[in-house]
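Would you mind keeping the following structure in view while I ask a few things?
Chain lettering (A, B, C and D) follows the sequence in which the chains are written, and residue indices restart at 1 in each chain.
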Amino acid sequence: MTLPKHELIDGKVIRHEQIGSNDVYLLDIDIFTDAEQYAAGQFVQLQVPDGEILLRRPISIADVNGTRIILIYRAIGKGTKRLTRVQCGDTVNILAPLGHGFNLDCQKPLLVGGGLGIAPLILLAKRFKGKADILMGCKNAAEMDWPVKMYDNITAENIITTDDGSMGLKGFTAQHLPDVLAKKAYDKIFVCGPEIMMKSVAEIAKQHNIACEVSLEKRMACGLGACLSCTIETTRGRQKVCKDGPVFVSQEVFFNE
Amino acid sequence: MTLPKHELIDGKVIRHEQIGSNDVYLLDIDIFTDAEQYAAGQFVQLQVPDGEILLRRPISIADVNGTRIILIYRAIGKGTKRLTRVQCGDTVNILAPLGHGFNLDCQKPLLVGGGLGIAPLILLAKRFKGKADILMGCKNAAEMDWPVKMYDNITAENIITTDDGSMGLKGFTAQHLPDVLAKKAYDKIFVCGPEIMMKSVAEIAKQHNIACEVSLEKRMACGLGACLSCTIETTRGRQKVCKDGPVFVSQEVFFNE
Amino acid sequence: MSNISLKTEIAGIKMNSPIMTASGTFGFGEEFADFVDFNKLGASVVKGTTLKPRSGNKGVRITETPAGMLNCIGLENPGVEAFLQDILPRIKKYNCPVIVNISGNTVEEYGELAKMLDVPDVAAVELNVSCPNVKEGGIAFGVEPDSMSRVIESAKKNTNKPVIIKLSPNVTDIVMMAKAAEKAGADVISLINTLMGMAIDVNTWKPVLGNITGGLSGPAVKPVALRMVWQVRQAVKLPIIGMGGIMNATDAIEFMLAGADAVAVGTANFVQPDIINKIYDDLEKYLKEKNLTNIKQIVGKLQA
Amino acid sequence: MSNISLKTEIAGIKMNSPIMTASGTFGFGEEFADFVDFNKLGASVVKGTTLKPRSGNKGVRITETPAGMLNCIGLENPGVEAFLQDILPRIKKYNCPVIVNISGNTVEEYGELAKMLDVPDVAAVELNVSCPNVKEGGIAFGVEPDSMSRVIESAKKNTNKPVIIKLSPNVTDIVMMAKAAEKAGADVISLINTLMGMAIDVNTWKPVLGNITGGLSGPAVKPVALRMVWQVRQAVKLPIIGMGGIMNATDAIEFMLAGADAVAVGTANFVQPDIINKIYDDLEKYLKEKNLTNIKQIVGKLQA
């Protein structure tokens, strides 16, 4: 696969608003470049404006629209909190596109997303043009608000779980996966979410003999494969999450555990 | 003189615009505190928003209006350049009021201002309720634009000089001081501007036996007399510009030179 | 938060909180009286004091650097006699332990200063052996264990107050220095003093500072300071006062987890003159959130 | 700007500009091919290389600090053989001098590495004796003049290429180390490597980094680096490669005024991957503004 060249782009903020109860924000940026070429699962390195934050922050491409990209992020630390102050019309510099996306090759895909991990699956769902189902979970109904809206009409079926049962099925997302798998003949699972959830899903996929791809996160500095901040051990040897991932075949990264 | 207590105040930016060709800006801040009590010549320590700039920056109080203060500054370095990005409605934190102002005790005051030093004399002129004259100079007519507007109607007479003669008298401001002093019986000169100019003015004042007060600048950290960044030698021993000044009797600070 | 206590004690000095001030950044305390609640301050460490008055360095004395500042004040101070006569009587009203930071040109001067300051209103002396700005001696004492030890011994011999040794970070082996200090009889270790740095003006091709080099402080140095506190904590038993870039309660907690019994706030006083109050309040909040009741419960609790 | 030249030469290595990259921050160069014009880069100093492949440290390897970052990569690298076989043939096409940064566990390993890298497409070796992340040996060589000298001699004996010694800033006396390096026969001095630091997570009470401590780099360390370059410049005659927090041309100029013959850009590559081009262009502009024609005209010109 030849990837588009990495570029440094001054994007313009078109929309920036809080969409989730738990400090989740949506950032819509015009990057004046064809964003449709980006693969689902790729990410950007975003420079937090105003100079106090030194390193860029990696954020997945949640969706694209012509020359615009949508990022969905949670304000959890210094950088993302500062990011919330960005206003419409502001310029934000991004390094994009980074990494390899999901391999779309399959007949009946099941997407599994947990928390913020639901975001990058939006573009993936769209690329599947309605043929994918999604199993997605959050802590509670309030947190489920934006995912429900975002996944209206882009998937065949949406199965919702909440930890407290305030919406959809009660319990952790992975718990309900066996039931979901029993109903349809999925031939690939694409999962993004907390590591513990991805491991459970990968394990179940293995038991069911279904292909599974996971999107990993590691602290990053360069995003280009140069600094070796993000190295992981895989069955293929050491790999860099930023360059060789962030999407990996689950059995290559969750092994021996 | 008992000074008002030092306070940390979250002010709200009411107006912020470039008023001078040479990167001069006016910042009008509501500090929700009686600003009329501030003395002409006092200054504030302004925190540059957004966290990249560590230390506060000292800026003179150019004017006050009820609960509002006017600061006039030139964007010359990292901090002041960053300051230009502040927008109306933004909050800026100031430490105020700092230092001792001018001693207004006199019959016929002459204010002498050069460049940005013209700014803090605005409040002084107003405190003299029209009885002061000002001799003020800049490089050229373009730079003289805001001072001319600001001093419309607050002084008895305005004498203008420009280095290139594009407005008013040609040459350095201090050069014209002897002629000005010859015309009226001034009994005190208040000067603010580049050090070299203040020294010349102080020298001429001494020759004419006229009292003279100068407003000094030194790099500051605390602004409260604690760090000793701003110490100067005076005839009264070492003094701190931030606490004992910034206004000094000229003969106490320009001596032996 | 009546059940939460920030009170602590260092070498017998009872303090309302583990929050102290770093010498040279808080004047004599009185400059901050409009802002700081002295009941929240553990102890006020006052400006570096010498035997004779000093006028300090000429030229520019501070400049800002990325997340820090350089200073070359050069120990300007009115001298120990003026301190005892004019200043101490004025500042004792704040009812907050006063610790005097002292610098000598010779080993004997430290002893002499310690003796003169062995008075009721002084809680302890802190030996500054690392100020990189004074040409006569200052730097040598702080980077060489033997002369540092002699300075400590000289001070100890001449006072009944606790003697705090303030270590310089400009050394290869901070642990060796700390061990030497312990052996020489120091009661408390303060660290760190400033890192030696420099700034240049590319327009004039001149150093920015009058003294060419200066001491780096502020958030920039925090990772180095924290590392040194942690290393020293594992090597000596003495109480540690941690400092270097503490700007908020989170920073203070990091130092205490690394092993500091108390912390000192320096450069942050310039940025936010009421920062001591804020750190005090936020430490209380932190303990509450963590269901702890006593600040000592976090000291040295790093799980490394 | 045809009459303005940034070309320079260090120990016989002809460079299109004094701008180099700092080892470990530029990968093998190829990762930046989309951004950097290799005609503007003086030399590419590649990732620290060891005799055997290394997998580096476990756990979190980087964290941001105020105006800086801590890293504990732990010298992950494919080993010198893989470098020579797979990587070097691939990167020589950029037509930019390649300098290999090497780390050994023993004095002999440095010699062995130097010998293996004495090949046409390698311009020089840079001895990393200061990486604070490797437990076996690394730190000791860099803070003790005798063992450092043996490392230099071992490398010199085994190669005809220039040998660059990269000094650790974690020492009491950088000048002593530089003088020892000169005496031991080093051809060039690089400084500084990272300052040893630490970060703590106040929620988990654990160190942030997998290796507990890490190396501090970025703008935060610039004042310290600049001071060391200036001190070393006055003590030795060897060419100096200055680095530590260089983010733009102004920073680079500060280092050159202080005495650096060339500069290396590290952490800034992560922030702005095309920063090399920008610094090159801005250096040209600076020379023009100052009516200078040759970058060498500013080296060591600080008026102190």
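FYI, a contact is a pair of C-beta atoms (placed from the backbone, for glycine too) under 8 Å apart; a residue touches a chain by one contact, two chains touch by 3 or more.
Just so we're on the same page, UniProt names per chain: A, B = Dihydroorotate dehydrogenase B (NAD(+)), electron transfer subunit; C, D = Dihydroorotate dehydrogenase.
None of these values were measured; they are calculated from a predicted model.
With contact taken as defined at the outset, there is no chain that touches chain C (Dihydroorotate dehydrogenase) as well as chain D (Dihydroorotate dehydrogenase).
Among the remaining chains, the Cα-based centre furthest from that of chain D (Dihydroorotate dehydrogenase) is the centre of B. Mean C-alpha positions place chain B and chain C (Dihydroorotate dehydrogenase) at a centre distance of 36 Å. Chain B and chain D (Dihydroorotate dehydrogenase) have CA centres that are 47 Å apart.
Between chain A and chain B the centroid-to-centroid distance comes to 55 Å (mean Cα coordinates, whole Å). Of all residues in chain A, none touches two or more other chains. Touching two or more other chains at once are residues 67-68, 218-219 of chain D (Dihydroorotate dehydrogenase). Viewed as a network of touching protein chains, the structure reduces to one closed ring of chains, two contacts apiece. Taken pair by pair, the chains that touch are A-B, A-D, B-C, C-D. On the chain B side of its complex with chain A, the touching residues are 50-52, 82. Listed in rising order, the residues of chain B touching chain C (Dihydroorotate dehydrogenase) in the complex are 5-8, 47, 53-56, 78-79, 95, 219-231, 233, 238, 243.
Only residues 24-28, 31-32, 34-35, 47, 55-56, 60-64, 67-69, 71, 73, 76, 218-219, 267, 269-274 of chain C (Dihydroorotate dehydrogenase) touch chain B when the two sit together in their complex.
Those residues of chain C (Dihydroorotate dehydrogenase) that touch chain D (Dihydroorotate dehydrogenase) in the complex are listed here as 65-68, 70, 143, 170-173, 195-200, 202, 204-207, 212-213, 216, 218-224, 226-227, 230, 245, 250, 253-254, 257-258, 286, 298, 301-304.
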